[in-house]
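Structure first, then comments.
All chains are identified by letter, namely A, B, C, D, E and F, in their written order; residue positions are counted from 1 within each chain.
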């Protein structure tokens, strides 16, 4: 189980998911979203972009949407044993630890941390969007399809 | 002097206050609040919930409200020698340090850090409220009374 | 090249800029601002306050304004080789690192980190403004001119 | 695969191994030791103490000894997919990360980090031995058997 | 109770002890030493240098020597309520935390952390000795008396 | 000025030196060594391996040896303005900061930190030597020449 908001998926996310799919028999990517807030992409678009980023050879990964649900309840529903979280450094760890401990407290759900590839350490959805908004080239930080859709969306914003 | 917003008090807060009350002759819990912003609980309710969480056997602790006041001025007014802050990890320390140094700069006010009980490391007011909002069981993270009042409040929110 | 929002400049900022001006032949202080958002000071006022804080003896420093521009594009425009960032501790470093790596990824732009003077570790624009807003004395944290203009501005706010 | 020196096993180690045994089908605890250096316990004793600490109900865990071998070679030999490391805080993570990245570089071997139970955050083999050496009570930090054997060993040291 | 090895005392140590003496009624500085190992100064010399560094106006501080004793036993013997530790940054905190938690586990002994003065952040006994050994000027990092005795000692070493 | 022990130089070191040589007019790599201690390579060999690693196109870099000298004295002797240190993460920074502050205290010498390339985050001289000692392949972590000389040296050790 790989949870996140994935708005949108980056090459760093895709790397963690692909690696989790080699360690575990089956991986569920859970897009946790809040229908009341508008993200850059809708939850359905995010799912499509994740599936596109993973490609056809990753066959044991499903992508599901969850609105306003606790992660422990999502895992109970999916019968998921363990949450896998990519880490981009010590700060990420300090941020994720209380949530991992809370989840273990609530239902015994375990979280394991997979260190991200250092080549992707600087890549987050929010930084990618900021670079794109100011006209920087985001090729290689996300898939080409995410790049194109993001630029189209930002172009639209700019025109309004 | 134990400052905070305590919206609401958790078992982690109560543990730090109770331990401070064993180290120091007299402890003032200062609820720093901004009347212009609405919290989950009013300042008066927060005070009542703290007193209830501490119980009758803690006799050298007072709870006071302060609106829009600098901590150093609160301490001068109360003739408090030292601020006691619970720490839940290295991140808390990095966040609290500049404020502690600023307070020492302003009036010489000292801050001491008391490491929180690791059993409560995952417990913060905001995470407890998030768990409650999505239907998770918060028993044991706060007193039963805080839990009941929080659920009543959230139920009310949901109905509106 | 020393980028920042400088709203307003503190003695910590001025110290980093002055030290950078002794290490490098020429330093450009870049005020990155967003015209759509109102800061405490306008970009032009910030520039004036920086120049005033540096004083007449610092002669190899220019201050420029940039609205909604990527740092890498600012540097390309200015032909700046390297970004200099002051660090106030490990947390600052963790926050700045992804941006430094992103800038190197985008155009090869290098960032060097200059450890701030520990005497100024507690001083940030936002903490100074908070202290001023609640009536604390900020003399010595900013220049006297910044202090006076900040207090005038806050007094104006309070009257409205 | 849970590697370590386990000289001796603590309740923190046992907790991580037991939890790994619930997440993974099969777990190998690898005692990495250097025959040229004398530890407090021999590698064989360490194995026995681990098996004793895990108890009879943990049935999918094997304990193996490896002298002067790279972890990646141990994993290749055992056909182990993934290394599981317990983390006791941010410092542990910073220490373990370069080794995890090196192992991935060498053979693609993945490392996942399992956050330790905060109740055991203060427990390390070396701190337990230091407490025992100076006459402190280590009951509850290690199994009773480890405690007794450690005290016997330290008593022997003291007499020499 | 301020424990340490103080080999020798620095201006950073003296600052923490003096500040603790203003917060607490009575302070015991405990020099924890191992008679089997030779430090730069003997335990008795370290005591004398601490007393000299504190000066005559600090009257509620005693300095005691403890060889091979657990801190919790020292505190029980002295009837000390709380251990005070100066912190020079996040790394110090990460290092001290397990020991503080262990002490609380053993006898309920509490540890409070007092953030060191940032002006002394770079000053540790070992770094001071290293600077002195290579001929650097350590005036201002330690008292003049410590400086003179340290240089005499190092001169003696060099002649041997 | 890039100081270090470089025993031996890694691709991470070489990357930092090469990047410093593009930012600064002239770079001196200072090998700080202690003739009383035997490293893996002699100081002269380390110099040769650094020059070989940098290659012919890096022309503004000199490599010098310094035995038992303070960095500030080395810089005074060389008339170096600034020390450049590569950082491999937050832990490196916490370790380097007190030395940087001490150097500024001693002579006003400034230190700037250059974030290392994340692809080399796991590479340190000591980890490379450990991998080599246990038979791991270190190609790509150091130059081929360093690899061959290191393996020859370790082979010699093993035969003794």
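As a working rule, a contact is a pair of C-beta atoms (placed from the backbone, for glycine too) under 8 Å apart; a residue touches a chain by one contact, two chains touch by 3 or more.
Since the model is a prediction, treat every value here as computed from it, not as a measurement.
J.: Can you name the chains that touch subunit D as well as subunit F?
T.: A, E
J.: Centre-to-centre on C-alpha atoms, which chain is most distant from subunit B?
T.: F
J.: Which chain pair shares more contacting C-beta pairs: A-C, or B-E?
T.: When the contacts at A-C and B-E are counted, B-E has more.
J.: Which chain has its C-alpha centre farthest away from the C-alpha centre of subunit C?
T.: So the chain farthest away from subunit C turns out to be D.
J.: Using mean CA coordinates as chain centres, what's the subunit A-subunit B distance in Å?
T.: Subunit A and subunit B have C-alpha centres separated by 33 Å.
J.: Could you pull out the residues of subunit D that touch at least 2 other chains?
T.: 89-91, 94, 97, 100-101, 118, 121-122
J.: Return all touching chain pairs.
T.: A-B, A-C, A-D, A-F, B-C, B-D, B-E, C-E, C-F, D-E, D-F, E-F
J.: Touching residues of subunit A toward subunit C in the complex: what are they?
T.: Listed in rising order, the residues are 88-91, 121-124, 127, 131, 134-137, 141.
J.: Under the touch definition given earlier, write down the residues of subunit E that touch subunit D in their complex.
T.: My answer: residues 68-70, 72-73, 91, 94-95, 97-102, 105-106.
J.: Applying the document's contact rule, which stretches of subunit C touch subunit F when the two form their complex?
T.: 19, 22-23, 81-82, 84, 87, 90, 93-94, 97, 100-101, 110-115, 118
J.: Where on subunit F is subunit A touching in the complex?
T.: 89-90, 118-119, 121-122
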